[in-house]
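Below you'll find a set of structures to go through.
Consider the two complexes below, in which chain A is the common component and chain B and chain C are the respective partners.
So, the complex of A and B:
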């Protein structure tokens, strides 16, 4: 994709009807660490792979899977700082809804509000598009899962992946039994999918997962370390067998 | 600054591994008994309870503010939570700020919880004055019931929960027999830490004051004073 004269601003279409800055923003997310969302019968699992910039960093000190309210979490792939800005905005929206209506914001409404917010950044000249794709998972009577791209397109999913491994991950997700899958199983599947992605030799990376489960009263929590470790061990074994 | 729906006395006392609170389950409008069976101990965090006497709507507002703070803290997801001491301080800031706007919340807030594995009990009044103590009484209870609590606590600083509950009910009985807006149905609630260090709010309990054959004279009833 070459930019020509129309690639510096979101305020002008190109001759063939494209807004290049929005497409470039999508590209930025396609180069970032993969994130996965899986909707299960008893909750939602959000997972991602992080690439610590240095061995000096404390393991798991950078976090992309973040809670928005008690029952909603998001994970973003792209520019991490943009991701934090998005989750901050989402928290403000969730909080404002709760203040007004004394109940939790429906996940679909929050996703919609985020989508409108993303859209503004694709339209006004002085803005650049938001450089993240975001997966929104939560519970509002039933498990919900949405994914939002920099071009402000919002879709609901059973399973979704964003980031650089998304093509491979989406193919793998298509194999999952969404009618019966539980969160415990989904954690293992997510670990397998992330381990199954190609990683450069010697590059440090780590998995991070959060979930909203019936077992934890539909409250978001980081997947407890023992469960995550068990899933990672299983994924490593599976990978060895696959590659053998 | 008129109080329209006022909640009566709250009593609180620390015991060996927790804090116990007692409140009358009624809201009055002036001298009229207005709403019955109201439970006004709210849990705002895993380790912290609040309750209050004074305007009920103000209490609901402050509860909302503190719960909002708790949800914000939850969103940090950093294995750290705001302690009851901190909530007491935060509540004090809220109350003091409103007092300086000449729009005080007409409340006497009580903050109870487990802080660093120890019971914590504090109050804030409508001027934003924080007080931390082993026993707490609000409203008219400050004059009538608090001496009973102070005496009981001085005699035994390591009460069991049952002993603490008895002290609270005794004090509430004395209060009920004197307070024209008193109500014999109490909510007993609390929070405690067990031997494993697990903090848990107690299920709130409905207790009815036994008023049979009792008169307003302290000599005619078998009570601490």
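So, the complex of A and C:
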């Protein structure tokens, strides 16, 4: 659906009050690899599927799950360069807070600051909207999970998915027992959800996961390779049984 | 050749209109929500419709009423991103005023400053206006209960009752009829004002509302506060539910319907 006359600039409202540039930016995020966030009782798990462009790329060198501070991580789906831009800004904000207040930035505050940053790009004609959706997960006394879209809408979530497989992933996420799920279980569930998405044959793809949990002292880190591998193996088995 | 661009940027059309500003007003209805704020004797009651877009969303993070200072709150209707930005700016202005002048900013002055913010983009083409309507409310130490509405055109005024959003016109018509001269509701208690808000909201909206569908904030005069300002309280979903039930059982909706019929009769005459 084309906006015709009103879609050339971020600083233009359409005649029924929409901003088409922002709506088009949302579509850009729908072509990218899926990312998921799950809020557990003992932490937060972020996961995503990456599509390396060629077999010549070093495996797992494309990384979208990014630590922002010791206690917060983000994963963005959309234009990867915009994703890195957002992560860098988030790191600047976290560092600035630490310098001023000698304490880790609360997750909700970082999410709020990012939403204001996204909003700026939806208002001025000299910019285009930021072309990623971002999931922010962290711990500041309790586990928290937020998601931001190019239209700068920010909500807190129990579970969220963005990117091309988000509809399917959200349906699967709704079934999870958020009141009792632990990070260990969530890692396995996330792997299943990502494996359950449709993948073109012969296309190389990899899973990446990061978590912050009581067991690793509330530090946002990549999920250790053995745990990730075990989760992927279980997911592969589950997929075979499902498709049998 | 203004004709080509007057719909795209904030320049005047040949008839003297600013189309982009009119379109910004339409954006206020983009979330399909309605909000109402009503002044009473020593209180202001503000109610916003609340729709949680997704089952996975934490309902507490869906907010439309934001505190600006411990005494002033802002009811936002429209594009969520723009609301957050304006709330940020309002908080900044209020904090600067407090720092420079040693006293809390009066809500009428804050509304004026924020109207200046929204007016800016009705005159400069490089940015679009804000697609949000702000209703600032507070119990002021000198002026008492205050409701000030700021819209995307930079217009601001003080109101006895203000509404915004999809059902702005219907709810406003009902309140204009009910808040009669000479008091215009200035002697209403918290209970009366709250009942009126819920009446207008439920009357205008076709689906049955529950406590979880609304956000309510009440500003009341606080006797414990030495400087005479009011305090802000958010109602829990359970309490809202109880008030809604009470309003309906005491014939609130029948009154609303009667009022609407009278208005329709007056219109046709």
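Things to note:
In this text, the second predicted complex is superposed on the first by the 244 of 244 C-alpha atoms of A that agree within 3 Å, B and C clash if a C-alpha of one lies under 4 Å from a C-alpha of the other, contacts with A are read in each partner's own complex, and residues count from 1 in each chain.
What we mean here is this: a contact is a pair of C-beta atoms (placed from the backbone, for glycine too) under 8 Å apart; a residue touches a chain by one contact, two chains touch by 3 or more.
Note that this is a predicted model, so its numbers are computed, not measured.
In the model built by aligning both structures on chain A, chain B fits alongside chain C without clashing. Of the two partner chains placed by superposition, A:96 touches none, neither chain B nor chain C.
Once the two complexes are overlaid on the shared chain, A:63 sits against chain B while remaining clear of chain C. Residue contacts after overlaying the shared chain place A:222 against chain B, while chain C stays out of touching range.
Once chain A of one complex is fitted onto chain A of the other, the partner contacts of A:9 are limited to chain C, with no touch recorded for chain B. Ranking chain B and chain C by residues of chain A touched puts C first.
In the superposed pair of complexes, A:19 makes contact with chain C only, with no contact to chain B.
Contact with neither chain B nor chain C is seen for A:171 once the two complexes are overlaid on the shared chain.
After superposing both complexes on chain A, the closest C-alpha pair between chain B and chain C lies 27 Å apart.
Chain A residues in contact with chain B (one complex) as well as with chain C (other complex) do not exist.
Partner chain A is touched in their complex by these residues of chain C: 7-9, 19-20, 23-30, 53-58, 60-62, 79-82, 84-85, 88, 121, 125-131. Residues of chain B that touch chain A in their complex: 64, 68, 71-72, 74-75, 77. The part of chain A that touches chain B in the complex is made up of residues 63, 66-70, 91, 95, 98-99, 102, 220, 222. By the touch rule above, chain A contacts chain C in their complex via residues 5-6, 8-19, 112, 115-116, 118-120, 122-126, 146, 151-160, 170, 173-174.
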